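Each structure below is given as structure tokens.
In the two complexes below, subunit A is the common chain; its partner is subunit B in one and subunit C in the other.
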Partner chain A sequence: MIRKFFDIVANNAVPAIFILISAFAIPLSGFSASYLVQELLTRIGRNSFLILSLLIPIMAGMGLNFGMVLGAMAGQIGLLFICDWGVVGIPGMVLACLIGTPIAIVLGIFCGHILNRAKGREMVTSYILGFFINGVYQMVVLYLMGWVIPITNPTLLLSRGYGVRNAVSLMGIRGVLDNLLPTVIAGTEGAKQFLNVNGANTYLLLQIPCLDGAIRLPLATFIIIALFCAFIIWFRKTKLGQDMRAIGQDQGVSHSSGIPVNRTRIIAIVISTVLACYGQIIYLQNMGTLNTYNSHDQAGMFSIAALLIGGASVSRASIANVFVGVILFHLMFIVAPMAGKNLIGEAQIGEYFRVFVSYGIIALALVLHAWKRNREREAARRSMRGDK
Partner chain B sequence: MIGKFIKSAGWPRIIIAAFLLGLFIAAPFVGVNIYTSFNNTLVRFGMNGIMVLAMIPMVQAGCGLNFGLPLGIIAGLLGATLSIELNTQILEWLVKFGTQYKYLSFLSQEFVTAYRQPIGFASAIIIAIPIAAVLGWFYGKLLNRVKGDEMMIATYVGFSSVSFMCIAWLLLPYKHPTMVWGYAGRGLRTTISVEGYWLRILNDALAIDVNEHLRIPTGMLIFFAVTAVIVWIFMRTKTGTALTAVGSNPEFARASGVNVDRMRTISVVMSTILGAVGIIVYEQSFGFIQLYMGPFYMALPAVASILLGGASVNKASILNVIIGTFLFQGILTMTPSVFNSVFQTDMSEVIRLIVSNGMILYALTRKVRA
Partner chain C sequence: MDNNNNQPLLRLEHIGKEYYGNRVLSDISFEINPGEIIGLVGENGAGKSTLLNILFGNSVIHSTGGYDGNIYLDEKLVHFTTPHQALAAGIGMVHQEFSLIPGFSATENILLNREVLNGSLMSYVFSERVSTLDRSEMHKRALTAINTLGVNISPDMLVNEMPVGYKQFIEIAREIDRKNTRILFLDEPTAVLTESEAEILLSALKKLARSGIAIIFISHRLSEIKELCSRILVLRDGKLITDQKSEDLTLRQIASLMVGRESLRKEEKLIEDIPEQPVEIGDINETLDLGQKPKKKKKKKPALKVEHLWVDMPGETVRDVSFEVMRGEIFGIGGLAGHGKLGIPNGIMGLYPAGGKVRLFGKRLTLNRPRVALNRKMAFVSEDRRGVGLLLDEPLDWNITFTAMQNQGRFLLGIPYIFQVRNEFAMAKEAQKFIDALGIKCTGTSQKAGELSGGNQQKVCLAKAFVLQPDILLICEPTRGIDIGAKTLVLDTLKEYNKEHGTTIIITSSELEELRSVCNRVAIVDEGRIAGVLPASSSAEDFGMLMMGQNSNFVGGEEVNTNEKEGENIA
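What follows is the complex of A and B.
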């Protein structure tokens, strides 16, 4: 009984803590509901794809794929090239994906092989691998681009003639996917104003009378995310998906029943890396600027934190976890600095607080998972001895 | 013979050692002063040595590489900042003790004033050690509950404690004018100079000037040697042996009556204390206390150093520390100067990233010998 209660608490502790924090912080921040909804919708569109890319390695029992930053870097390299060539709009995004895909596949295969050599400590290895490839990425982008790899656009390059600038503007593809099917949700008044300003090519999806102002909906991005969710649900039912789940349960048994364990694990990582590459491109088309040397770092940490906040653990994650996580994590992200400012008079504290929460929550989730696993192992050992 | 040597040393280590040797050979030809390079390598060796030493107890006890080193560093930072904040009080207390107790009568006003810098340095360490012990004890208890996942959790314990302390540095009631932000009168600065307190106190002690470019920081090297000897002796006491036994084979150790969890906790406490002392030694040479996000990535160079020296995820010795720190810091000092003269560009940051993380990856993917 007590153990069951403990399990329920341990399984849902993280989202519960977050709902509690948000319940305090939202009124303190003083933001209006429509502002919060708008921000959340934008951020769901921006981040969900990246987070969804983490699901498949978890299914294959490889834990949180900290190596997703490899995919993010591949995506960024694709974006750098389309900026250089001046390809804009949806064709630009597609081209960036096409350039990123082979790089992501190669990096994914590399990552998969490394992780197969480090079974049992995949997470810390993929984490360090992220740093290692970051070094290689910096070498390529900072020294080889413009020197060995032709980059002709001078606005991309540092003044010394080679190496890419720290901040690259992505004006050419900014918001192209989000605004492909411009859609708003608006109150009666807001709808009128919005349609007047934006013209007839905006669809009014929903009219809610009590709402003030208008909320933009990045519909095309949402459709892509929905398609991707459908892909994951379908993928779980395929032979490959079933193999991955079997490996996630027990590698030894899977091997005996004829599943190529190492190969399947590599495929899981490759899929995750390629998807992270697309995810990063979607993320950056929304942001509109590329921080050449930082964007990918943050992508990994924030995605993993969000997934864990959604109630996922190292061995179990669902699509629902992704969306709950995005909403709760970014709710805190939006309100924490304002709440900090209104509470203590310093926005900096809210800023540090959300950094602390991002790391603290990953630590907490990892601890809870390891603790639970060790307790289960103990229990299994006891039951072998015949004790209760 | 050579094949055996390569096998025992490992390819990455040989490549990196050869790379460093090449840098030292190339240095005079590209106009880099070999003495200056050697001087910098020695100083950085002394600065980082104790933090690398901090890896030994946890590796030996089977807790893996201490990616949670920032926790110990935080204890050190608290000790360092408190020693400056309370500097005048501490000196006053010492004089008071000197007048009260006969056997402390050497603590006269003149003595305390003359030696206020060493006293300040000692007080930083004395304040830091109990803080590190307490933090390390909790950290050890936590790691005992998560056996098998220590390294990943250690990383995030380090990160979250650093970001938690970011809030604390802003809110703690420090008052000392050289440490808090001038306009607000509260909240610690991001970097605090230790000039006038204990700047280069170990570096300059007994320093030997070989020529104008090379100055051997004898005091700091002696401090490192003493700490290393203490660790060496500790690892050979009954507790130290039990600790190694736990790391080699926990089941066997348990069967022979060793309290596994207790040994692991002791190793973590020791590692944390060494981290705290290490950062203070680092700061006295560097000249600044770096707060906020400063300690964030400090575990990685230390981890990479000991692995470079030949340690594995579950075996490490003092010799590994010395060789590793020397190689790693050597590369850090030599690459910028040599590469700058040859290519007119500083690639040291990229090389540091690739070498240190490549080394950690190599260690993590190596088959563990039973």
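What follows is the complex of A and C.
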């Protein structure tokens, strides 16, 4: 009984702490509900896809795929090319995906092969692998682009003639997916105001009388995310998904029953890397600017932190964890700087908190995972002891 | 019995196997008919596992040069190089360790990698692996397999929530579900089961055999083998010693066939050499009174008293062990590998989580604290010589004096707790003393321990323990991996040390003969419990019976089996 209670607490401690922090910080920040909802919807649209790409390797027992930054880099290379070629709008995004996919597949296969040689240490290996591929990426972007790889658009290049600038504007595709099906949720008053400002005919308007203010909903992005969720649910029901779950629990048993363990693990990483590539493209179309040399860095760390905050562990994660995590993680990001400012007159504390929390939560999750696994092993052996 | 075609299902001809020039199996020939249950018995290292590996096509065999002889399935020559080929040919294997996915339900495990799939367009475009699973059909098939066994397990139950016994049934159900399974190998399937579970399993196996499946059953519980099997094969030292109908053999005969008659006489001689020692045989419940009492001496207190000890040592779990060791005695602990004999000394020394009561000279010993155990003047020689026993990259004088330096503050100069340095001179002197005394072959005290041969390394380990001047010496597998000459030397050293210093010595060894030649009494561990304690002079047969799970309730011959009826009722 006590053990069970302990288990429940241990399993949900992280989300609970975040709900608690938010419950204090929201009133302190003084933000209105509609502002918070607007911000959250934007960020859910922006980040969910990236986080969802982490689920499949977890299912296959490979832990948190720190190697998803490989996919993010592939996506960024796709984006750089479409910026150079001047392809805009949805065709631009699709083209970026098409360019990124083969790169992501190659990187995924590479990563998968390496992880198969480092079984049991996938997380630290994929983390370091991320740094290594980052080096290769920087070489390509900083030296080869504009020199070996033709880049014609001078606004992209550094003044020396080769190498890409750090800040690349993605104006051509900024918000194209978010605004593909422009939708606004608003109360009666808010709707009137919104229409006055933005003009009538372009928006799909959902009226909810009790709301004040107007909230833009990135409907097309949400539809894509919903499709992705459906894909994951379907995937779990397939033979491949079943094999991955089996491998995730016991590779030896899976192998002896004839499941191609290594191949399946590579497939899991490839899927994750390709999806992370798409995720990064969606993320950056929302942001509108690409930081060539650091956008991908943060993608992995923050996605993993968000997933863990949603209550996932290294060995178990669900779609619900993704959304709970995105909401809690970003709710804190939004309110913490303002709450910090109102509380101590220092907005920096929020930014500090953000980094502190991201790394702290990942460390905590890894420790909890190791501790729980040891406890389970011991419990499994307890039955072998004497009668007392 | 489905014997109409009158040809054996499986026939082995002169099967043999060598590992790196070391012959482990030679000239094994036998055949199995459909619906027949064969019992395969033998000590550790008799070649049972190797035989199974050959029949099941394990890659170990192929990668070490294959095997000699021929295997015929349905009178057709077969040669399996992977387990998958064996599976395809209709050979099913239930391993000793569970090969189940813990978080999966019974259904998912029974149909692991043989799931029923819904057809879909996607499977034509990509591969079968993107088809979804047909859960209801899977459920039906799992239920059929479980029912064939005659047990009542819900197909939706998760394996990690099952009692151990159920897991075994799920494993067997998995093999049955394979439509073409005709031969089933079971490697110690009852080792983890309770008595009633084992009975259900046995009747399930009989039911299976009636449906025409041939079964090869390995167990160390002889009474089970006798009850279940129609024929019994005894392996010893890689040879097939006997192949007889089980009615023609008594348990005692099987036991003695396993341990071997020839070696018996040799041992008897050895035993005569043992000098009589002033030892009082304790009044212990488990002791088999065989009427061979040694000379009575004045009453002595036990040096070590163990009550209800459990030890959580992976692979050598001790469940519930109680015994007493007398002062000045050499006490042996024997038994089959994996039954927990190594767990006992490791647990007492605090190297693995343990519980229960251990009394040392009447005073309670705190468990789980190696330092406390050492301070109470116990010394330990680990079975893991290279891992736990020695600092391989350090010189001999370090190795020999290390534990004494760490725990007793000897071989140090300076002021304790403030500033101390090693007394290299004293260390070297002490080391040289033992090198001479034990005849350790080395270039000097500064040679690295890793450079010595196995036998000499073992002597260094002993020296390290002797330096501690222990009251009780616990030694695990003193002769493992060392050559015969060195073996006698090591054992003689122990005997002499015991004689000179009166030190109580507890030896744990897989080699029964060795224990019988050195010890006063030998305890046999079986499934984490003490099966019995016998004077070393008892016959090899008696020891064999204890090892095979036959407790003291046999009376020199047949055991009446009253369990069969009950078993069927439960099923």
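The rule we apply is simple: the second predicted complex is superposed on the first by the 378 of 388 C-alpha atoms of A that agree within 3 Å, B and C clash if a C-alpha of one lies under 4 Å from a C-alpha of the other, contacts with A are read in each partner's own complex, and residues count from 1 in each chain.
The working rule: a residue touches a chain if its C-beta (ideal position, glycine included) is under 8 Å from a C-beta of that chain, and two chains touch if they have at least 3 such contacts.
Predicted model, so just to flag it, every value in this text is computed and none were measured.
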First, second, both or neither for A:Lys239, with subunit B first and subunit C second: second
Which superposed partner A:Gln138 touches (first subunit B, second subunit C, both, neither): first
Partner chain(s) touched by A:Ala370 [first = subunit B, second = subunit C, both, neither]: first
Touched partner set for A:Ala96, first subunit B, second subunit C, both or neither: neither
Superposition-derived comparison: subunit B or subunit C, residues of subunit A touched: B
First, second, both or neither for A:Arg121, with subunit B first and subunit C second: first
Contacts of A:Ser254 with subunit B and subunit C, given as first, second, both or neither: second
List of subunit C residues in touch with subunit A within their complex: 83-84, 87, 99-104, 108, 112-113, 115, 117, 128-133, 164, 308-310, 312, 314, 317-320, 353, 355-356, 528
Contact set on subunit A toward subunit C in their complex: 234, 237-240, 242-243, 245-246, 249-250, 252-254, 256-259, 378, 381-388
Subunit B residues touching subunit A - in the complex, by the definition given at the top: 67, 142, 145-149, 151-153, 155-157, 159-160, 163-164, 166-167, 170-171, 300, 345, 347, 349-354, 357-358, 360-361, 364-365, 367
Residue ranges of subunit A touching subunit B (in the complex, touch as defined): 114, 117-118, 120-121, 123-125, 127-129, 131-132, 134-136, 138-139, 142-143, 160, 344, 346, 348-349, 352-353, 355-356, 358-360, 362-363, 366-367, 369-371, 373-374
